[in-house]
Amino acid sequence: MKTAVGISLGYNQYGKAEVRLVHIDRSTPVHQIKDVSVTSQLIGDFAATHLTGDNSSVIATDTQRNTVYALARLHGVGPIENFGLRVARHFVDKYPQVTGSRQEVEEYSWNRISTSVAGLHDHAFIRGSTEVRTTVVTKHGADEVVISGLRDLTVLKSTGSEFHGFPEVEYTSLVETTDRVLASAVSARWRYVGVEHDWDKTFVGVRQLMLDRFASTHSLSLQQTLYAMGEGVLSAYPEIAEIRFSMPNKHHFLVDLSKWGLDNPNEVWYAADRPYGLIEASIVRDDAPPAGGVWEGISGFV
Amino acid sequence: MKTAVGISLGYNQYGKAEVRLVHIDRSTPVHQIKDVSVTSQLIGDFAATHLTGDNSSVIATDTQRNTVYALARLHGVGPIENFGLRVARHFVDKYPQVTGSRQEVEEYSWNRISTSVAGLHDHAFIRGSTEVRTTVVTKHGADEVVISGLRDLTVLKSTGSEFHGFPEVEYTSLVETTDRVLASAVSARWRYVGVEHDWDKTFVGVRQLMLDRFASTHSLSLQQTLYAMGEGVLSAYPEIAEIRFSMPNKHHFLVDLSKWGLDNPNEVWYAADRPYGLIEASIVRDDAPPAGGVWEGISGFV
Amino acid sequence: MKTAVGISLGYNQYGKAEVRLVHIDRSTPVHQIKDVSVTSQLIGDFAATHLTGDNSSVIATDTQRNTVYALARLHGVGPIENFGLRVARHFVDKYPQVTGSRQEVEEYSWNRISTSVAGLHDHAFIRGSTEVRTTVVTKHGADEVVISGLRDLTVLKSTGSEFHGFPEVEYTSLVETTDRVLASAVSARWRYVGVEHDWDKTFVGVRQLMLDRFASTHSLSLQQTLYAMGEGVLSAYPEIAEIRFSMPNKHHFLVDLSKWGLDNPNEVWYAADRPYGLIEASIVRDDAPPAGGVWEGISGFV
Amino acid sequence: MKTAVGISLGYNQYGKAEVRLVHIDRSTPVHQIKDVSVTSQLIGDFAATHLTGDNSSVIATDTQRNTVYALARLHGVGPIENFGLRVARHFVDKYPQVTGSRQEVEEYSWNRISTSVAGLHDHAFIRGSTEVRTTVVTKHGADEVVISGLRDLTVLKSTGSEFHGFPEVEYTSLVETTDRVLASAVSARWRYVGVEHDWDKTFVGVRQLMLDRFASTHSLSLQQTLYAMGEGVLSAYPEIAEIRFSMPNKHHFLVDLSKWGLDNPNEVWYAADRPYGLIEASIVRDDAPPAGGVWEGISGFV
C-alpha cells in the first residue's frame, strides 16, 4: 500500500461512542430500569481503510450501535460488566478481521419515586446522584480483562482531617492545619482477575468500603485516606488485582473575617474551583498478574 | 452628564455572582452542612459610574461577597429564603443609594455517609442528586418578593403515558402512541405571597406533591402532567400565588429492530439529546397579587 | 374543565428546543455554510391539553422541528432574524389556535480553511470562535418584535483600566488600583424597531462598535465601559430602541510573589473562576416604543 | 510500615491541577498575552504520606502552584513545551525525593482586537477559537519526553467525502453514500524525539499540514483522512516519532423531506450529538525510539 517510506499505521481502534441505551424490564408490573452509555470499539486488521479507503473489512460504526441495541433486546443488560463482555465477544467471535474489542460502559442511577400515599412506585423513577458506575472490558483474542470503577463519588468530611509536617521550602506559603475540610470527587477503577464474578455484589461492596474508609480514617493527608480506601478494597476482595484512584483535593478555604472583628472557628468556608490538588495512585496486590496494556487509553490516570 | 442626546441608562443591577459558601454548623458533634451559591445584586442610583466612571456610590462587588460571608458567620445560613432576605435587607437598609437588591441563592444537597459499622456518620457526607433548590429574593424599597424553586429534578415514567389525538397537519410525522416513556428534568419556581413562611417545610411539601402528581397522573400529554403538578401545589399551599414550570420532554425513542426479526415491546430505548420538546407554563391563583416585574431576569421562562 | 376552584392556567408556550440545522448552499462550487440551533415555540389556546389531555389543537413539537427543516429547504436560511420571522409567521398564519410564536435562533461561526497551496478552500471549513450570534423573534398576532444579540464575546484589556474612588464601608477589603486587567465575556441583546432591516450588516456594525468602544475606552469601571459600548450602538443605529448587556467581570488577580523577593509589575496573573463580578444594564432610547413583555423569558437579564 | 500483607503502593503522582496563569509581556507598548493552564505533578518516594500520613517529604501542592507563578515571573512563559520542561526540571533538580515530574500545559488563544479606526490594538484582545494547544512533558530522572498536541480543532467538509464498500452484515442498516458531510473535532498528540526544537514553528506547521490534508484528501473514510493527516506530519517533521489522533465522526444526517414532496440535494442536515463515530489511531515512524510509558495517563487515547 502506498505510503511514505518508514511510516506506518500503529495501534488503532474505531467504533461508536456514547450509545445511550435505556432498558426497561417489564416482566412484572414492578419495572426495572437500566440506563447506560456504551462506547464500542473494534481492534483488528483495518489498515486498508486507513491507507486506501478500502472499507471491505469495516464493520460500520452504525452496525456496532445496532448490535448494542439488539443484544440488549435479546439478553437484557444485567451487570454492565457482563454486557460489555457479551458485546465484545459477539464481535470478536463473529468477524475474523476483528481480533479485539474494547467496550466501555457507564451506568446512571435511578431510584423509585417514594410517593406519599403508596410508597415506592412501580414505574415512576427519579434520577439518583451524579455518581457514575463504569466498566472497561478489553478483549484481545481470548484474553479478557475487566476494569470496573466509579466516578464523581463526591464526599466531604467537616472535621477529622489535618495537614502538617510538610517541609517549608522555596515558594511554600501553605500554613499547617490540624483541622480542615477534606472534600473530593472520587474516581476509581479496579482491575479484576478473571471474568466470572458477582459484579453487582462486588461493586456495592467496594463502594461501601471506600465510604467506610473515607469516613473512618482520621486523615493526615489525602494520600493517606486514598491508600486506606484502596487497601481496604484489596484486603476484602481477592478477585481484585489492583485499584487506581484519582482524587482531586477540592479545596475549601476558611474565610478570614478578622478584619471586621469576627472569628471563624471552622464554620464559614469558600469552596474553590481551580486550581485544585490532585492525588493519583494505584494500590496493587504483590502477586497480581501483569496488566498488559489495558490501562492505556483509560481516560486520564483513572 | 455627557452622553448622546436622547439616550440614557435604563434598568441596571450589579454585584457578585456565584459566591460559593459552605457553612458547617459545629454546635454539636453531629455537624450540619449547608452548601450554597449566592449571587448578590444591588439596584439603585448608579448612573455616575456608568456615565463618568465616578465610583463614589459603588458598593464594590468584593464588599458584597464579604458581606455574604460575614452574615453567614453572624447568623448562620438557615433556609435560603431567609438568608436571601437577610442579605438584601442589609444592603437596602444600610446604604441610601441602594434602593433595591436581588439575591439569588442555590442550594446543593448532601447526605450523611451511611457506614457499615456505625450507621449515619457525624461529620462525613456524600453529595446528593443533581437536583438544586433555588430562591430569588427581590427587594425594592419595602416591597419584598420571594420566588423559590428547584431545577434538574429528573424523573421518568416507564409506562402510564400516552400521546395521541393531535392533528395530522402539514409536516407531521409523529406516530400516535398509547404507551411511551415520559421523562423530564423539571425546573419550577413558585412565587410566595408574603415573606414569613416555614420555608423548609413548604419546600419539602411542594417537591413531594410534584413527585406524587408526576407518578400518579396517567399522562395524555406532558402538558397535562405539568398542570396536574402545578394545580396540586396551588391547591395545597395558599401562600403560593403562582407556579411556573419549564419541563423538557426528554425523548426516549423505541429502537426499531424489526429489520432483524426482533420485536421490541417497549423494552429497548434510545435516550436522545437534542432536539427535545419543551413545555413551559404558569399555573396561577385567580386572586393572586400582581407579580410586578419580579419574573424578569429569571433565567429563561423559569 | 375540571380543576380546583380559583386556579387556572396562565401564560404558556411549548415547542421543540435546539433543533440543530446545518444548511449547505451548493449553488456554486464555493459552498456557503449556515450552522444554527432553532428553538421554536407556539403560543395560543392550548388549555385543553393542560386540563384534560385533549390534544386536538396541539401542533406536535415534532411537526415544529420538521417545519424548521422544510422551510430551510424551501427558502434557505439567510439572516437568522429573517428565518425566525419566517417560521413564526408560518405557524401563526396557518393555524387559528396559534395566536403567537417565539423563535429563538443561535448561529455558530465557521471560516473557510486557509490551505498552504490553494488559499481559501471551497468546501472545507474550520469552526470559528465560541462567540454565538443570537436572535429572539416574538410574534403575537400581527405584532412582531426582533431582539438580536450575541453571547460569549470574550475580550480582555491588559492595561487602560482602573478602579478606585469607591467608598470604604463595612466589609470592604478591595484595594484601589490604577492599572488592572479587565476581562469579560460579553452577552448583549438589542431590540429593533421594525422588522425590515439589513440584519447582517447591522449585526456586523454593532459588534464592531462594541469592540471599538471596549478597546478605546480608558475604563474607570466596567460599568463605564458597558455604557460606552451601548451608547455607541444606539448613537449609530436609530433602528435599535434599546440594548442590554450582561458583562461578567472575569477577575484576574495579580499574583503576590513578594514573600520570595520577587516583584510583579502587572505581568503574572491568576485568572479566577468564581465568584465573579456581574454588571448588567440596559441603555435605552428616550423615544423607544414600549417593549411589552418581550424581554420576559429571555435567559437571564440578557 | 503497617499495611495488609501482600498489598503495596504502586505508581503514584500528585500535584496541583489547572493552575490558571495569564502572563502579560509589557516590555513594549504592544503587549503580548499568554493564557495557559498548568497541571503540575511530582513523582518520587512518597510512600510515607500514603501509609502513615508522614508528610516530611511532601512538596505541598500549593508550593507547586506558587512555583509555576514564580518561574513565569522569572523567565516568562514562552513556548509551553519550554515552560513545562523548566518547571519539571526545577522540581527534579531541587528535591532528592522527587525523581520525576509530569507537567501538562494547555494554551488558549487570543487575537488582537481589530478596531475600525486604528487597526490592531496594542493591548485589547479577543478570545480566539475553542481550539486548545497542549503539551505533556514527562521527566523521569534524566529522561525527558515531550508530547505536544491540540484538541477541539473542529473541521467540516461539505462535499468530497464518501463512505461505501463496507460489508452488509448482521445488524447493518447504514446506506452507502458517495457524498456526505464529514465533520470532526480533531484531537491529536505527537511525540517528539529530543527536547530542543523550535516548538512554536513546528506547532504551526503541524497544524497547517493537518488542515491541508483534511481539506485536500478526497475522503473514502474518516480513517483515510486521519491517516493522510498523520502521514503528512511524519513525512515533514523528522523530529516527530509518532502521532496519535482521536477523531469523532460528528454525524450530519441528511433530513428526509420526501414525505412532503421535497427533495434534499445535500442541503439541509441535522447535526447529531450522540452517539458519534470515534476513530482513533497512531501513525508511527518505523525507527522511532520506544515510548516507554509516557502515553499512559494521557486523557483517553489521545
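A, B, C and D label the chains in the order they appear, each numbered from 1.
Just so it is clear, a contact is a pair of C-beta atoms (placed from the backbone, for glycine too) under 8 Å apart; a residue touches a chain by one contact, two chains touch by 3 or more.
Given the structure is predicted, the values throughout are model-derived calculations rather than measurements.
Student: Note the shortest touch-path length, in steps, from subunit A to subunit C.
Tutor: 1
Student: Could you quickly compare B-D and C-D and let me know which has more C-beta contacts?
Tutor: Between B-D and C-D, the larger count of C-beta pairs in contact belongs to C-D.
Student: Between subunit B and subunit C, tell me the centre distance in angstrom, where each centre is the average of that chain's C-alpha atoms.
Tutor: 22
Student: With chain centres defined as C-alpha means, what is the inter-centre distance between subunit B and subunit D in Å?
Tutor: 37
Student: Go ahead and note the Å separation of the Cα centroids belonging to subunit A and subunit D.
Tutor: Their C-alpha centroids are separated by 22 Å.
Student: When the C-alpha atoms of subunit C and subunit D are each averaged to a single point, how far apart are the two points in Å?
Tutor: 30
Student: Could you list which residues of subunit B touch at least two other chains?
Tutor: Counting only residues that touch two or more other chains, subunit B contributes 20, 66, 70, 170-171, 173, 260, 273-274.
Student: Name, in rising order, each residue of subunit D that touches subunit C in their complex.
Tutor: 20-26, 31, 33, 35, 66, 69-70, 72-74, 110, 113-118, 121, 123-130, 153-160, 181, 185, 208, 211-212, 214-216, 252, 255, 257, 260, 262, 264-273
Student: Mind listing the subunit C positions that touch subunit B in their complex?
Tutor: 3-4, 6-20, 39, 41, 46, 49-63, 65-67, 70, 94-95, 163-167, 169-174, 219-221, 223-224, 226-227, 231, 234-235, 242, 248-249, 274-287, 295-301
Student: Okay, in this complex, where on subunit A does subunit C touch?
Tutor: My answer: residues 170-171, 173, 259-260, 273-274.
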